[in-house]
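Just below is one structure, and these are the notes that go with it.
Labels run A, B and C following the written order; every chain starts at residue 1.
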Amino acid sequence: MSLLEICGLRIAFGERLVVDMDRLEVDRAQIVGLAGESGSGKSMTTMAVLGLADTMGARVEGSIRLDGQELIGLPQHALREIRGRRVAMIFQSPGLAFNPVFRVGKIFLQALELHGAGSRSEAEERAAAALRSVYLSPELLNRYPWQLSGGQLQRISIAIALALRCDLLIADEPTSALDVTVQGDVLELLRGLREEREIGILFISHDLAVVAELCDQVAIMRSGRVVEFGPTDQVIADPQDAYTRELLAAVPKIVYRGVSR
Amino acid sequence: MTNLLEIRDLRVHFGLVRAVDGVSFALPYGPYGVGLVGESGSGKTTVGRAIVRLGPAVGGEVLFEGKDVLRLRGRALKEYRRHVQIVFQDPDNSLDPRMKIGDTMAEVLTTHRIVSRRQAAARVRDLLEEVALDPAFASRFPHQLSGGQRQRVAIARALAVGPEALVLDEPTSALDVTAQARILALIKRLREERKLAYLLITHNLAVVSELCEMTVVLYLGKVAELGATGELLFHPAHPYTAALRSAVPEVDRAARLARIALAGEPPSAVSPPSGCVFHPRCPLCIDRCRVEVPVLREVAAGRMAACHRAEEVLAGADLSLVRDVMPDGAAAG
Amino acid sequence: MTETVLSAPSRSSLIWRRVRENPLVAAGGAVAVVIVVVAILAPLLAPYPADAGSATHPLSVLLPPSASHWFGTDQVGRDIFSRVVYGARVSPLIAFFVILISCAVGIPLGLAAGFFGGFIDEAIMRVTDVFLAFPALLLALAFASVLPPSLTSTTLAITIAWWPWYTRLIRGQAASVAARPYVESCRALGISRMRIIFRHILPNAVTPLIVQISLDVGGVILTASALSFLGLGAQDPTPDWGLMVSQGQSYFTTQWWLVTFPGLAILITALGFNMLGDGLRDILDPRRTVRI
């Protein structure tokens, strides 16, 4: 049984169908990429997994199962239990995920205490350990979000997911706003999560190159539908769908002679 | 043979922040592309803006066909603007949302008296066709166009004055990959048709490799290295270039390089490190790097680098960093 | 391959649809239209037009509302309904001039401060701040009291209190618009500063001002009424609503109609324009723009 199983998911705003997904699965210790251009429905899919789609005014049908448990139709209080304890999320703009009024440590410990870390000292220990796993000094917990760089904040988001001991991590364009060298660090950390903690990761991105390097499986989305799904190497080496081929052809590659005469 | 644009020791300081601290390079006559590459804080956008006189400069020179443009004012400045134009990164906000596309473009034409008001409509049509847009777009508003289409309008508008040089500031970073591919193809075509010279400012090395004969790598306001793009990317002479190159994700597994991780965080521009600004993060850092600022010097034919150990990097030194330190200042380098 | 035009609804049809859907705008707009129509058609609507002027009827003083005098008569026998109808010309006219002059002064100053920044901004805004430091009503009162009481002085006094608000509003908007990439593009393209200010910044900065103006009509009417009430504005026999309330005060307990009807007129007009302004703010709120 997969960690996350999405079946026949349909999300609509009024009459406009924004997601029409037959099937998507994420297993433990697996990174599945959801790739597509803007408006393809990738972010709405993650909203649905988190149970937030209807709060945005969308109608959701179909099945989303987390370890066999159906998520669609669950009341908000049950979903709140799941969010943070079993499913964690990191966003594109890490600065937006942190309330600038609080020190990072307070937000971190709040998250831990909310989701079953027991005593305060246990929470603090977990937080410190998680930060070390992402190569950050626990001293950073005393800083405010605006004192930290985008890369540091993103790593802290990953640390929180680690400390919460979630099974599933949803990462929505986590590196799109970061410099390419910092992006490399974050991607390496995500690989680490998969290796050492056996976390399942649903990785959303418009950058096919990042998806190609990071993900074990990839689903290509277009206008709400998954047009191709399979092991990354296979999809890239032998794309079946015309759109996939078009996307792959459009990705610029480092070449030795471009326009040089 | 003079160059179209020469930037000499350009300095832009915002208070204590040295955004650009002594940058020099040249843009030859077109068709030619120079890539200005760097990450956030490198100063690349500031350089571009200074060249088109949108941002201040505290020192150095920008020579257009041999004449310094940094101190131009009034009519001379307006005249200069017919020769060097800029296209911005943000397609959502680069066009006045309350003006029709046609009016936006006609405004440029009439400001510089390129054509009479009566002929403006025809010229707008020609320009739109040149960037592969349906001329009917002239009567539309920006919000009715996609991001890629808006970016093309921005390019058409910049071309309306007939410039010899274009500064393209991250022209495709905000676009989807298919729209990006179309814009890049457009730039390639315009380059040949108009004999354009352009300065392509970007963090994307792949884009630079496709469009630019020469590349300048910036780090914290200084030039780390510059040279022919292909050679620079495949045989870097500066550790930062090598690290940057290795971090670029590639679709093609065969093209991937072992990642060279950098220690620490991107530095603060307010209190830059002593000596070589890159030294706290450099895998090849030695004592000399901490005290002595490396000079940008020729390290091979047509290759310049600001690194004390550039020859070693060029020769392929091992740059891998052992990752058991806490990069945020806790452990020693 | 040329790209073809996307068909999409135009901006004005989107706004028009929202107007129809918003009850505040509909109700407020209706009141505004009614007031304007009444003001224009006053001679036709008022059964006793002379009563709006200096006619007096000593034999019909203080008559309660009846079929021949819908709102009753006042202390010198004038038909209150006719005076209220003619009053629709007075207060809105004051509001019109106050707002017009305040805009004429405030908009250019705000644009200059916002666009040029630096010393010009400082100079203009510090002067503006001095005026803003006083509550509008008090400032208007102060000026009205040193001028000979009349409608003109009321207009002048209120304008002096009003213009700084528009300056500050436009300055904030102008500064924010001036920082946007399309304004920078204009500078990079060599477009003249005057043209940038009036062709690019002004149209994009003016939306909050439209909302503010709708809200201000009510505010100015209230302020003008207050000044007239205090005897500093319109003088008898002008059918100013505030003056009518003031004159009817002493009769309030027994002949309630002298105060009530002009008071209601003030209330409804101010309320109507406030609702119009609120509704407009909802409609024109940029965060509600439909993404196409």
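Definition applied: a contact is a pair of C-beta atoms (placed from the backbone, for glycine too) under 8 Å apart; a residue touches a chain by one contact, two chains touch by 3 or more.
On a predicted model such as this, the values are computed, not experimentally measured, just so you know.
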Remark   = Every chain in contact with both subunit B and subunit C is listed here as none
Ask   = Of all chains present, which has the mean Cα position farthest from that of subunit B?
value = C
Request  = Between subunit A and subunit C, tell me the centre distance in angstrom, where each centre is the average of that chain's C-alpha atoms.
outcome  = 52
Request  = Report the inter-chain centroid distance for subunit A and subunit B in whole angstrom, where each centroid is the mean of the CA atoms.
outcome  = 31
Ask   = Going by the touch rule set out above, which residues of subunit A reach two or more other chains?
value = none
Query = Which subunit C residues qualify as touching subunit B in the complex?
reply = 1-6, 8, 10-11, 180-182, 184-192, 195, 199-200, 203-204, 289, 292
Task = Can you check the complex and tell me which residues of subunit B touch subunit A?
result = 31, 33, 39-40, 176-178, 180-181, 184, 188, 191, 203-207, 209-213, 228-230, 233-234, 243-253, 255-256, 259, 261-262, 265-266, 323, 326-330
Note = subunit B contacts subunit C in the complex at 52-54, 77-78, 81-82, 85-86, 88, 90, 93-99, 107-108, 111-112, 129, 132-134, 136-137, 140-141, 143-146, 149, 154, 157-158, 161
Note = The subunit A residues in contact with subunit B across the complex are 37-38, 132, 135-137, 139-140, 149, 151-152, 179-185, 187-188, 206-210, 212-214, 233, 236, 246-261
